Amino acid sequence: MTRPPGDRRAGWRVALGNVVFNNDTPAGRAFDLVLIVLIVTSIGVVMLDSVRPFRAAYGPALKQVEWVLTLLFSLEYLLRLVTARHPWNYARSFFGLVDLLSILPGYLALFVPGAETLLIVRVLRLLRIFRILKLARYLSEASVLTEAIRASAAKITVFLVTVLTLVTIIGALMYLIEGPANGFTSIPTSIYWAIVTLTTVGYGDIAPKTPLGKGLASLAMILGYGILAVPTGIVTVSLARAQGTQDRRLTPRVCPRCGLEGHDPDARFCKRCGEELPSA
Amino acid sequence: MTRPPGDRRAGWRVALGNVVFNNDTPAGRAFDLVLIVLIVTSIGVVMLDSVRPFRAAYGPALKQVEWVLTLLFSLEYLLRLVTARHPWNYARSFFGLVDLLSILPGYLALFVPGAETLLIVRVLRLLRIFRILKLARYLSEASVLTEAIRASAAKITVFLVTVLTLVTIIGALMYLIEGPANGFTSIPTSIYWAIVTLTTVGYGDIAPKTPLGKGLASLAMILGYGILAVPTGIVTVSLARAQGTQDRRLTPRVCPRCGLEGHDPDARFCKRCGEELPSA
Amino acid sequence: MTRPPGDRRAGWRVALGNVVFNNDTPAGRAFDLVLIVLIVTSIGVVMLDSVRPFRAAYGPALKQVEWVLTLLFSLEYLLRLVTARHPWNYARSFFGLVDLLSILPGYLALFVPGAETLLIVRVLRLLRIFRILKLARYLSEASVLTEAIRASAAKITVFLVTVLTLVTIIGALMYLIEGPANGFTSIPTSIYWAIVTLTTVGYGDIAPKTPLGKGLASLAMILGYGILAVPTGIVTVSLARAQGTQDRRLTPRVCPRCGLEGHDPDARFCKRCGEELPSA
Amino acid sequence: MTRPPGDRRAGWRVALGNVVFNNDTPAGRAFDLVLIVLIVTSIGVVMLDSVRPFRAAYGPALKQVEWVLTLLFSLEYLLRLVTARHPWNYARSFFGLVDLLSILPGYLALFVPGAETLLIVRVLRLLRIFRILKLARYLSEASVLTEAIRASAAKITVFLVTVLTLVTIIGALMYLIEGPANGFTSIPTSIYWAIVTLTTVGYGDIAPKTPLGKGLASLAMILGYGILAVPTGIVTVSLARAQGTQDRRLTPRVCPRCGLEGHDPDARFCKRCGEELPSA
């Protein structure tokens, strides 16, 4: 049982908090395992409840299981609030908000029929699974991914604005060329078609029928072909740089004079004090 | 109020021009903000006007708003022409042409019914938004993107000519194999199908029905699979090089003894020979 | 005839095993060639048997060929078991399991009609073709590929969990927005639609019909656009590193004076300090 | 008029050959230009001839133009054969075969109605356009592309075999799960569906209808998602390396002692003789 200095919680709160929030004790691990099983069950119940034959056959039973789970998750939420070292910090954290959102629709369904479908938001709670498995490694990988995305945020913004402008112009042109008779019933609908085409999804619920429309659509597709390459290039270059930064952090050479770490693989002298470095 | 040397505009033209063209004064920023709101409104009006139920209910009102906006934008265009230091340069610039194209369809609609749909070109005016937000950073990102595209223009041309040739041959073969009875009504239509297939859009409005046609289509798809990789590779390599060039431009220090370039911004000594570097 | 030390098989088992398992003798190569021909034939027979007109015309004949091939492959399996140096190791190896799976459905079809379709698993036996062709080179390429995939397994896991969470949330939202009347009959069906959309497959068997649904679908598509870039970036960076590792493994020379690695295969002097390099 | 040593052609053959094969004289350039115009015309005629309304209205006229063009191209082919320095080499070259294939269907149509559609193969002749435009630069770009593809041929083969095996297995499973009642009429058709799905084309002419089928299809799509990344990664890495090789070839530093070219940008000493290099 660890108790950080300056912690003013009562003993039972510290003990319970270690079970609820940590998973380095057998009790903590058992708690997390039971939780994951309950979350998976609750997601399965919400999904089955939406399938008509299942609902017809087992509707009331499914509702009861949902209620029991909502009550259990409410209990867990209260437990977390009570045992957290800083309850307010927990309530405002990502997982705190997800935990709250996972129980609210259950009570909302008492007043608004159908609101129980929103319980599917519980799927977000599954992200806790990273905590139970090899936490550190996966989160460092996730941070490489998010770092790569953040580093290219400006490029992605320029890219998105260009795509949205393009899609609006192409949509308006197709509305003029094809018109409501061929399924392009309005400019917003035509923009929807342009997005479906440029992203190469291509449902085919709306498709050009006039020769001119097919020609413009062909142009848009070949354009989309090239445009698809841009975000891939951006993310790849960002990932390569983030990977390089991570590699350097892992290179274990330390300057013997000033103690600087993180030297390039080809460095022979410390870039801060000029001392010769030990060979890698 | 800034007045560059050699400027022969009257005082009121300089003052007004600073409001209209710059956004480093409160008045200039307010002008730009009002403009963006008006542009967004005008795009929304053109879109709503194309949705049948809206037009039926609010048609005349939408028309009036469109007219007011067209008049306001005309006034703005005249203002820009009058206060620009070189009116002719402005009129021929990208934004000058877009500003003109944004008002012409409004007047054209007096003679050609339906021409008001072309007002959607006003969406291009939204690109001004980059001016108001962190201009410099985004434009430098955009220049990395366009530099990357320009650097690989020759490769992209070779690629496009190859794709167009391929698409024509595949289209003609499918026209022979499937024929008009299966929806491949002509060679141009078949080429349209080939483009839809090779870009992996795949509407499904035309699809092969004979075994031989399905076989050729399968080949085309797997080919398209590999071909899709080429522009992505081109853009990624170009982006990586453009990024490298930009990086090197930011740290232009050279070791005075061994000539090594590309030092980290925080480096004080050359990592290769240990010589002290000039401060950045 | 090679006989490794410590091998306690009888002489005829060693001789037969060399024919069955190796392809460095004319007999071994002939055996492999006949095998490939039989495998291709058997796959062709299973395919043709599934095409209704063929089955109607040649059903009994196809069945007989299938039986003969199943018996031949059973014989081959027994031969491999008998002549292998470690029969149990062979039986548990990848190819051992594939060989067993390739004959079981033939016998299963005696009791369960239709089970012969499972004979298509024989296609996996075709992977032996790599053994006959330039084995070494292709397998080293395959190992670069699998190494690249293994190196990015953690990143791919994070990515897959994110995609599955996203797809569940989007699917549930679309079920709420569009509902069973528009084809989104249940949450699992809506998740299927979300996967079809995010992977840009876009069958169009289910497509949004309400304006709000089309808006959410557009968002999902543009998101999918960016998400598509992540696995590509991961694999590209991993491939580049695996390639780099392979390159360095091929030229392991180090400069004796300055310690520089990664010299070109034709280099005789260090390009950094001019020292003579040890010959490769 | 250039005449290489050892050329035994008569004077008029050399003169005509220079016009027909080269484009460094005004006559040669005019010849090429007329040729391109004729090729574009002939492709346009074949395309228009396949559009039913055009054929109905101008059928006989189009036929006549086709005949005149076929005769002109036949004349050109004979001219090339006669004036080429090595007629047999020309006839077997890529462009020689294309030139022959571009006239054969015209004569074939006398006996087999409809064969004139094959005249579309003339589109390949358009590749000559590279000769007329900035030849050298584009061809060097194309050679970087083909070099990149050749370098990764082994990887692409491993990849294609994997995809084909996967597609056969998935197709057979879907045939078992969905069956002819849901459109999966045979294993080849199901394999066609699997290719359409894995390449993310997704026509929707065949789509899974049972829950189990939709589940397997979802798995296949997410798999296809990751698989799509592999060829892109392969081509990108190959392109980056081919680009690097080209860059080094363009680096103009020459060793002052032994004359070796193509030094790395960071090289300070010649890797062949150890001499100090001039700084870049």
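Worth pointing out:
The first chain written gets the first letter, and so on, giving A, B, C and D; residue counts start at 1 in each chain.
We take it that a residue touches a chain if its C-beta (ideal position, glycine included) is under 8 Å from a C-beta of that chain, and two chains touch if they have at least 3 such contacts.
This one's a predicted model, so the numbers in the text were calculated from it and none came from an experiment.
Matched by residue number, over half of the contacts between the chains of A-B recur in the interface of A-C, chosen from A-D, A-C or B-C. Seen from the Cα centre of chain D, the chain whose own Cα centre is farthest off is A. The chain pair with more C-beta contacts between its two chains, of C-D and B-D, is C-D. The geometric centre of chain B is 30 Å away from that of chain D, both derived from CA atoms. Between chain B and chain C the centroid-to-centroid distance comes to 41 Å (mean Cα coordinates, whole Å). Shown for chain D are the residues that touch two or more other chains, namely 188, 200-204, 228, 232, 234, 236, 240, 266, 268. Touching chain D in their complex are the following residues of chain A: 200-204, 232, 236. If you check the complex, the residues on chain A that touch chain B are 154-155, 157-159, 161, 165, 168-169, 172, 175-176, 180, 185-188, 197, 200-204, 207, 211, 214-215, 217-218, 221-222, 224-226, 228-230, 232-234, 236-237, 240-241, 263-264, 266-276. Taken in their complex, chain A has these residues touching chain C: 43, 46-47, 50-52, 114, 117-118, 120-121, 123-124, 126-127, 129-130, 137-138, 141-142, 144-145, 148, 156, 160, 163, 188-189, 191-192, 195-196, 199-205, 228, 231-232, 234-236, 238-240, 243, 266, 268, 279.
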